[in-house]
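What follows is a pair of complexes built around chain A, which joins chain B in one and chain C in the other.
Up next is the complex of A and B:
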């Protein structure tokens, strides 16, 4: 396709069209992003007038901060658990819904996608209601079907709380990824399945030998984005649902950063944590993308 | 085969129930009286206790917050379209120096999540307020809903331009050529020829940005620390208040107030939303 030739007098029009967007983008995204990195080299208690340059002090302090280590472990645990569960369940559901041509598919898709349009505050409130110790849905069910020992303080027990958050995360994102995989699986030609079925391939074999390789590129892309967005989702969900508690046992890196910045007014230190998370999620996405590289398969 | 299908239906149905039941339960529970919350969580309310809603709307000021949210979201959408449509059009159709750079920069912006930069944005606005303290002793930028709209608009520019540019590129050039042959100026070509043709993409962009603005609470919490809150922050406050006073009714009514507009919109446009998602493939 040919583009509009640079023509006399176009410059003004182009500039007028571009400038408002670029200014807003520069002021509210580029500048703050640079500031995250810049501030991480300063000690600054917020409203005091002069930040003091401390070099890498904030970063060395990070390494000795037990809370950071724990927040880091929590973030990694959530990433691993939620990614594996959401991805495999999403793939599996998408495969059976596309292959078996279930009746009521559209209704199911409608319902499964609902959590994706709800706000995180609403999801946090829903799960607080589900997990409520006395009047919650979950303990209400367990009281009927099992012994008392099954009931738990889902958001108050240090050993359980992180997994309670993980379940909420899966609940939120499962439908989105299922719908995404359904649409990429729907574009695989039916003849391929018929041919392999003639060769006697079972549905399971077809899934691993045919479906999975054919949507591999799509899977890779979503995986990369999933990791980035899971880091963020874990933060907003933890912020709204547990506030990092009890006693920091569900704190994730971003929520700890937020806490350092606002509650503790250590802006410089908070930004150093931000830099670490940013580098970390970027690195993980890159590694995952490298590790999953395959020769693209065409149909 | 029949057995397998039965199994599949059961499994998929069970998962659908796991999603539908908590949401439906909130809708039902929002009509319970205080006493009914201490009974079985599965019992239906005896009557329709609308009192929870007037409590939430008036006493908990969810009505006022709702209005703020509507205005902030609407203004944000207007702003983002006003700046992004022309920019996306020019990037898609004109050749100019630095085009590659502009595109790469905006692309990089897709990877910067607001959660990382909300603190520097807040500090920047505090700084601006301090600089203008003589003109506006009460501050202008912090606690200003219009400013919140502007920040929403600015932070969704990369995604919006990305989606619109791709769509503009897919429209054949002949339409514009015909129009300018008829003597239409550049601005008229953009607004009366290209914009109507890009309607599907514009609708998709509005949908996704609507959800992002309406559902956000981190930026709203940070930039509107005073009394003028958005519904999401109001709901967050109700959650905190409920933990202290065990006033479930208001909380559930508040949740319904926040959920219902989104659910209605979703039911109306779900096909477009899902197709748009498959086309865009990026989640902010």
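Up next is the complex of A and C:
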């Protein structure tokens, strides 16, 4: 009797404490997500009281829509480019900052982290100044150091506009991942480095054979972040910087979904694109997680 | 004892969190009319003044005003939940396309009876300027039913610096041949013939050009997606002229044709780097604080004629007022909309440069505005109102984007005129089938 009652009491208390959060989670996360899936089977403008059930029509239309295919390609390109560049640059900088005892590294870390706290509108304004084709920072530097052919219309050339967006994404997120990697590298005991140095390992060898395996779990986690941010951040940056243009060449899946749902009065079709994004992100995260699974190393 | 307290506490917390989501309705016996308006270049004061004046003459009605530069974002969530404003002042052609969406949904109230309502002793229909009602802008389904009332109107066309033309001794081209000849002359002096802020601004250009090329009937055919209309010789001619004009575009145009940088394209007119750009009368206020070349003065011209002496059209941008079909106080809303066209209200609106399409209003305009409205009196020039006809939504098809945005790809050489024409044909056919 004395053993049972407090336990039941505890259960009720825990439930009561969780209840507000659970309700909020259900109302603002679970229900809307279910709604996205449900609405993808309807043709609905967003306002009329009578959505029309169309089954899988929205999804079959997706396959014929060249714009979806282009937006999908752009999303994947950004995902791959931004992940590879940010991850390798983040790791490189973190390794230098933790291992090399650079002078002024706190200042450097601060400077690299700043873009992460800036709002996207500010970033778009900064890059509008950097990419300006006439008196922008980038073309200004290229004018000084190289021939005229090096200068580009960064946001107007359909072949490079996506990479211009990618650079802004890398710039925005590099500091954040660098700090993440630095914190896990800092927790690796110094003795391990001393021991390997005595065995004659170079700094490069130490990085690949000691640092990387020991922060592997951290790397796996950040890979999932990369997938999320490539999908989400690309939308806000594309919207603020190019609006998907010129002529749709920098459109990503989320920005196309937004346009269809809110400006082309095809809410159901937009939600179908949303379902594709959901499935895609989920699948890629799962695959990446499976592919990078290793026995965790302890120190 | 404690457990019920804890549970009650948790329940209250949860309820308090959700309570913020609810709204309240005041009811004190008066009709409460909710008005939503876009805060455009004319500002918000004129609306509060008109509403104050209305409340004085209609003591039984309480009017609430919701006004914002992004009014769609503010009223859409409530509309999705079934709470519609009674009167909305918002035109077509906005990026959020709320008006277009409700047109496609057939969710607007029929306002045809309003035209026979007496305002200041005259039927409202007679107070309005000829031709402003009965086009696709007011009767979006192409029949004789009016769903959107024209609120303010302004001419759009090619804006240029008349100071520069006078200084160089150039005349405003009257035909496209003259236009391209001027383009070559200007090129020799390092000035581009043409630019646009973003490709979306080509709407005023294209609508006028289509009517110039094939007359108003052809224009209506294009706007109502007549079968094979984009494969006709007239359509090809319009695309030919445009493609040739785009070859004269300022090299910076595409790079700046986005939300962030479009004012830099507008600035190139002020800096005498480009000659003409499609725009509306709001450009004067929008660029009022921008630096400009010596002797700069804004001027507006219709598009050059296709043949010497041919008809020229001025695309007229018309803001609209409409009543959602799901509005609660439709009668009070109709009465309020009729009041917006009274002499009393028109005077308040004109004070903020918002010019309503009422007969005789042109004589009362201030000099700066009057000059722009002069284009309507030029010989052979006619007003053109409207836009693409409303159809049920077609997933993935946006003919405006296909028509305007492709200009970016034509300039950069990523698409050819043939591809443009084929894409337009495909989009138009899909919309026709949906209609």
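Definition applied: the second predicted complex is superposed on the first by the 274 of 299 C-alpha atoms of A that agree within 3 Å, B and C clash if a C-alpha of one lies under 4 Å from a C-alpha of the other, contacts with A are read in each partner's own complex, and residues count from 1 in each chain.
Assume a contact is a pair of C-beta atoms (placed from the backbone, for glycine too) under 8 Å apart; a residue touches a chain by one contact, two chains touch by 3 or more.
In this text, all values refer to a predicted model and were calculated from it rather than measured experimentally.
Per the definitions stated earlier, placing chain B and chain C onto a shared chain A by superposition produces a clash between them. By the touch criterion defined above, A:45 lies against chain C but remains apart from chain B after alignment on the C-alpha atoms of chain A. Once the two complexes are laid over each other on the shared chain, residue contacts for A:112 go to chain B alone; chain C is not touched.
Judged by the touch definition given at the top, the superposed model places A:153 against chain C, while chain B stays out of reach.
In the superposition on chain A, A:130 makes contact with chain B only, not with chain C. Within the superposed three-chain model, A:63 lies out of touch with both chain B and chain C [touch as defined at top]. Of the two partner chains placed around the shared chain by superposition, chain C is the only one that A:247 touches, whereas chain B remains out of contact. By the touch criterion defined above, A:264 lies against chain C but remains apart from chain B after alignment on the C-alpha atoms of chain A.
Shared-chain residue A:291: touches no atom of chain B or chain C.
When the two structures are aligned on the shared chain, A:145 is found in touch with neither chain B nor chain C. Greater residue coverage of chain A by touch, when chain B is weighed against chain C, goes to B. Among the options 260-268, 404-412 or 422-430, the segment of chain C that ends up inside chain B in the superposed model is 260-268.
Overlap of the chain B and chain C interfaces on chain A: residues 13, 16-17, 20, 24, 27, 46-47, 124-125, 128, 134, 240, 262.
The residues of chain B lying in touch with chain A in their complex are 4-5, 8-9, 11-13, 15-16, 18-23, 25-26, 29, 37-38, 40-42, 82-84, 86-87, 89-91, 93-96, 102, 105-106, 109, 111-113, 115-117, 119-121, 123-124, 126, 150-151, 153-155, 157-158, 161, 169, 173, 186-187, 190, 211, 214-218, 222, 232-233, 235-236, 239, 248, 251-252, 255, 258-259, 262-263, 265-267, 270, 273-274, 277-278, 281-284.
Within the complex formed with chain C, the chain A residues making contact are 9, 12-13, 16-17, 19-20, 23-24, 27, 43, 45-49, 58, 61, 64-65, 67-68, 124-125, 128, 132-134, 153-158, 240-243, 245-249, 259-260, 262-266, 268-269. Within the complex formed with chain A, the residues of chain C that make contact are 3, 6-7, 9-11, 13-14, 17-18, 76, 79-80, 82, 95-97, 100-102, 104-105, 107, 198-199, 252-261, 264, 326, 393-398, 401, 405-409, 412, 414-415. Interface residues of chain A, counted against chain B in their complex, comprise 1-6, 10-11, 13-14, 16-18, 20-22, 24-25, 27-33, 35-36, 39, 46-47, 93, 96-97, 100, 102, 108-115, 117-122, 124-130, 134-137, 140, 171, 174-176, 179-180, 183-184, 221-222, 225, 228-229, 232, 235-236, 239-240, 254, 257-258, 261-262, 267, 270-271, 274, 277-278, 282.
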